[in-house]
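Shared between the two complexes below is subunit A, which has subunit B as its partner in the first and subunit C in the second.
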Partner chain A sequence: MTPNWKLSLTRAAIFVLILGVVLLPIYWMVAASFKSNAEITQDATLYPHVWTFDNYIRLFSEKEFANYLVNSLVATVVSVVLALIAGSLGAYAIARFHLKYRLERKIGLSLLTLRIVPPVVILIPVYLLMLSLKLLDTWLGLIITYTAFNITFCVWMMESFFREIPVDLEEAAMVDGDSRFTAFRRIALPLAAPGLAATAIFAVIVTFNEFLFALALTATPRAMTMPRGTATLIGRIDTDWASMSAAGVLGALPIVVFALLVQRHLVRGLTMGAVK
Partner chain B sequence: MTATKKTRQGFSRRKVLKGGASLAIGSTLMTSLIRTTPARAAGGKVIIGAFADGGLAPFKNKIIPLAKAEGGFDVEFLEDEYGVTLEKWFADAQNSAGQYDIYLLDDPWVPQFGAAEVLEDLGAAGLDGSDKDWIAPMFDMGYWPPQSGPRVKGFESADPKLICVPFVGDLQTLTYRNDVYGNAPPATWDELIAKGKEGVAAGKIKYPVVFRGVSGGPIIASWSPILLSFGGDYFDDKWNPIFNNEAGKAAADFFVGTMKANSAAGVVEFDSDQEGAAILGGDAGAIIQYSGNAIKSDDPAASKIVGKLDFGVVPKQVKAISQMGIFIAGVPKAAPNKANAIEFLKWYTSGATQAKLAEAGSIPVKRSGFAVEKPGNRLIPVALQQLDAGCLPRPRTPDWSKVEELIGIQLNKALQAGSGGGAAMDVAAGQVKDYLTQAGYYK
Partner chain C sequence: MTDVVKRGTTMRRRERLQGAGMDLALPYLLLAPAVLIVLAVLVYPLWDGLRASLMFYRYGKPLDFVGLDNYIQLWTDPQFLNSLWVTVRFVFFSVALETILGLALALFCLREFYGIRILRTILIIPMVITPVVVAIVFRLIYASDAGMLTAFSEAMGGGQVQILGDPLKAFTGLVVLDVWEWTPLMFLILLAGLQSLPQEPFEAARVDGAGPWRTFVDHTLPMLRPVLAIAIVLRTIDAFGTFDQVFVLTRGGPGEATRLLPILGYEMAFKFQQTGYAAALFVTIGLIILAFALFAVRMLKRAGPDT
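Our next item is the complex of A and B:
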């Protein structure tokens, strides 16, 4: 009994420690979002002694955070949907069709290079491309860039999910008169839905939080995303920590809500095919 | 089986409706996406890019509405992070991206834009450089190459062009505790330290002075007024480092020794947030700072000691000189609304508008602006005193940021040790000389 009690206590202590390490920065950000800048920099209090909602109000009255939020949502949703459509088609083709010398494998791998290369390496070419297309500081410029990145990720993720689905099911459907595309749409895609959800979740999180390309490709509230807009609060001499904290909370909310809603699919998607 | 197939492949009302809806959503989306492309030209539109800074708040809040009412200018004011604006604007200018009509530059950036020849010649565009109302040291910063002082290679014999005009004045002044130093600011560094110690002994403050100790730009911003007031400078007229001469070494030793000993325990790691908190929270007796932070002294939301902070000219050892760091406006050659931008600058830099800027609380760039009956804050008359006492810009070279970094690293090391400022200046001078030699400054 005693060893079990000690083990439980140790487990609980480790759990609390890990939870503390993970949650403390989040708590600090939320608490700071309800403090004044003076309280943050001069007093460093553990919790807000004088509660204020001015930081949130300021983001919408003096800054352009409504625009940043809309821009982020549009760029994320449109690029992820486009990437899922194109990516799942590409992944299906790689999973089902075989080329000479197993070229389909090499195509799949070459798509991944876009993910392997550090983004900063292709930042300038992308900037110049968008400049020549007159797509700097537009939704379309961001969407094209994010879609290109997400497609590679979607193909890579979805390919393994499609491989798990027995090809016999599609062949049976085609024997019954389905075209290849209809079999894909009616049989393969629904069966790969948990994988599609998991892919979408990762793509949404990565896209919503993306900063580097948004920094290079946007300049005004017309196209700036949440992470990009939050950076505008850093000044030459002073930084508006209170507003930055409020912006952090607002920026995290959509992703947190989304993750809570779809976490069941995420786990299902990740474990799909793990047990046969 | 056949019937099923036909139903799947043929047209149905549901399919037509779905297709129509998809087409409508798609076309609406594409239209809205294309609409987000920035306007390339419009009536009185002026797109101003600025980095976030409290010193621009009066312009933003009071002058932009005035520009609409008086001049019909539709100003779009785009703020961005200080750390990224230089690279973004320089890329914008070099690639003729045309995203801005006016850049509000930090003055050390002017040489980089000047050397790249990406800004309009504002003198040729009609901005009057002969107007004696301009504050000369501020106005001189708008010329490239500089009208006086050393010039970088390739521009030795070029005619100076007015590529920028001062926009909002900004310079370092002294902020001090009037319950420690009395109603007059400490005239010398020795007095600042001595009276500060008395304030500490009386329990009024925790330490006499606070400053920025972080390596790079921050520590140099804090050290520069000491170097200048000790009679030192960074370069001679041939770009030879002179900050390691007798005056420079004395300034460095004073900074890393006496000032550190009379400042906060962690001052080596202090940046503007920490030094601001130290003075506004009531811990420090005095600080030298730019106007964006100084004007918080009277703000009850920012300061715990409203009424106890006054402003004055920086203390002197030999002279009472501080550093100037103004907001300066340049018009990119690819500006989408160039004519509007130039007309806006003419209106904005007129004596009448500068007076309104001073009333709104910013340091004007013309002397007539200082003559207003009711300046927007009590720092403005002190800024004029400091200008008259002496105020120098940072050296006019595109390589200043590298030079600043090299000196800042050595000064920070000495500050950590609490001694050896003079020796650190010798090391830094050698590194700076090597760097500038490689850059071709002495050929």
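Our next item is the complex of A and C:
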């Protein structure tokens, strides 16, 4: 009996250790966001001695945090919806049709290759493109960019989901008189709904968190997204730890809450389909 | 043989599905929006970046076509070579640590135990939290006056802890950040890989009296290799493009200690306005990653047909 008991104890110890390593850094930031700067620098403890909400109030009254949040939501939601529409249509064509010269396969592979190249590679030309289109510092500029990034991902994910649906169902629908497109809309699309959800969820997280292109393409609170605004703010207030902590908490809160709510669907997207 | 027959049937089936008339144009119509947007926003910029990398820019305006001069200059530029070396070290240490820790964690969680669901939930947080905020979290750990490390050190009677002012410590600090953020991803992939392994070899090994270490080396590791390879490749490619965390944590400093290639490229382009030179740098990053990906795909294909 004794060795078994020892094993459980080791297990529990490792478990607590992991929880601590993951949560303590985050907790430290959250705690700091409720402290005053004087307390943070002079007598940093695990919990605030004097609770204050000033840091948050300041962010919303002086800084343009509400703007950042709206900009982020608009850019994320619009670009993910557009990419889902264009992406699932394309993915369906790749999964179900045979085109001349195996065109559908070539397109699928090209999109995957584009997906592998990190976006940073086209930072300058995209910036120049938006400059010439006069779309710098606008919602539209961000939306166009993010839609394109999301499309490669949506096609890649949705294609595998469509392939999992048996063709027989659509054939049966067509025998019953559906057109090719109606069969897609009435049969394949509803069956791929869980896939659509998984794809959307992951795209939302990546897009909401995107920083590099927001940094290059936006310059004022008119279009700055949450990560962009947060980074600018902490660039200006180098040692204002209290504001920095509050900005960090606010910057991460929406997406962490969202991710925890939908975590069931998250894993496949995170691993680019390597894990189902 | 059966494979060929099966593929023949699906192809005939697909053709039958394609129908006639308007339906013949359908796949092209379905593909058009995605392909057009990608061509305009991803492919054209790639081409444009390639073109810009062959030009000499001043004050953001292209002046001359200079051929490969930017690339030649790049590969003799100590700043670039240093950045490349920093990036390679960063990627190597981060991915190696993440793989080892992720695998250990996955093996630990393989047997169901009370609390595993809590653990999986908690481990999602580092991956989904905004990278900019991850950097803030770590600044609040490393700060010499207000940091968590200093607080712990002082509580135990020590003095202030300096991390971000020292080149080696700052670099290590960045690796620690990346390991904190991405070990959970390795864990998730490897856990799924472990769970999908067949059970028979393990039972046989147990019957033969093999210990846990032998079983791991002889059975687990070889069978897990394809999944392990995919996880390492995905993570390596991703780590090569790391930008946000460094930008907020250290801006590449102190000195050049944490200046990864994307940071250098960003500064070249937007701080020093050397557009052509920066474009050459980004094209070079892209080529390095593509070469690595092609090499990895080759290795995976050789490893086995079912990967």
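General remarks:
Keep this in mind: the second predicted complex is superposed on the first by the 253 of 276 C-alpha atoms of A that agree within 3 Å, B and C clash if a C-alpha of one lies under 4 Å from a C-alpha of the other, contacts with A are read in each partner's own complex, and residues count from 1 in each chain.
Here is the rule we go by: a residue touches a chain if its C-beta (ideal position, glycine included) is under 8 Å from a C-beta of that chain, and two chains touch if they have at least 3 such contacts.
What you see is a predicted model, and the numbers here were worked out from it, not measured in a lab.
Of the two partner chains, subunit B and subunit C are each touched by A:A231. More residues of subunit A lie in contact with C than with the other chain of the pair subunit B and subunit C.
In the superposed pair of complexes, A:P25 makes contact with subunit C only, with no contact to subunit B. When the two complexes are overlaid on their common chain A, residue A:V78 makes contact with subunit B while staying clear of subunit C. In the superposition on chain A, no contact is made by A:L217 with either subunit B or subunit C. Once the two complexes are laid over each other on the shared chain, residue contacts for A:L128 go to subunit B and to subunit C alike. Once the two complexes are overlaid on the shared chain, A:A86 sits against subunit C while remaining clear of subunit B. In the superposed model, A:T41 makes contact with both subunit B and subunit C.
Within the superposed three-chain model, A:T182 lies in touch with subunit B and out of touch with subunit C [touch as defined at top].
Once both structures are placed on chain A, subunit A residues 41, 127-128, 215-216, 231, 234, 239, 241 are touched by subunit B and, in the other complex, by subunit C. Subunit C contributes residues 10-11, 13-19, 22-23, 26-28, 30-31, 33-35, 37-38, 40-46, 48-49, 52, 105, 108, 113, 115, 118-133, 136-141, 143, 145-148, 150-151, 180, 184-185, 188-189, 192-193, 227, 230-231, 234, 237-238, 240-241, 243-244, 247-248, 262, 265-266, 269-270, 275, 278-279, 282-283, 285-286, 289-290, 293 to its touches with subunit A in the complex. Residues 11, 14-15, 18-19, 21-26, 28-29, 32, 40-41, 44-45, 85-87, 89-90, 92-94, 96-99, 104, 107, 111, 113-114, 116-129, 144-145, 147-149, 151-152, 155, 167, 170-171, 174, 179-181, 205, 208-209, 211-212, 215-216, 226-227, 230-231, 234, 239, 241, 244-245, 247-248, 251-252, 255-256, 259-260, 263, 266-267, 270-272, 274-276 of subunit A touch subunit C in their complex.
Per the touch definition, subunit B reaches subunit A in the complex via residues 1-2, 4-5, 8, 29, 32-34, 36-38, 47, 49, 51-54, 76, 78-84, 88, 91-92, 95, 97, 99-100, 106, 272-274, 276-277, 280-281, 289-290, 292-293, 301-304. Within the complex, the subunit A residues that touch subunit B are 36-38, 41-43, 78, 127-128, 131, 134-140, 143, 176-178, 182, 215-216, 219-223, 231-241.
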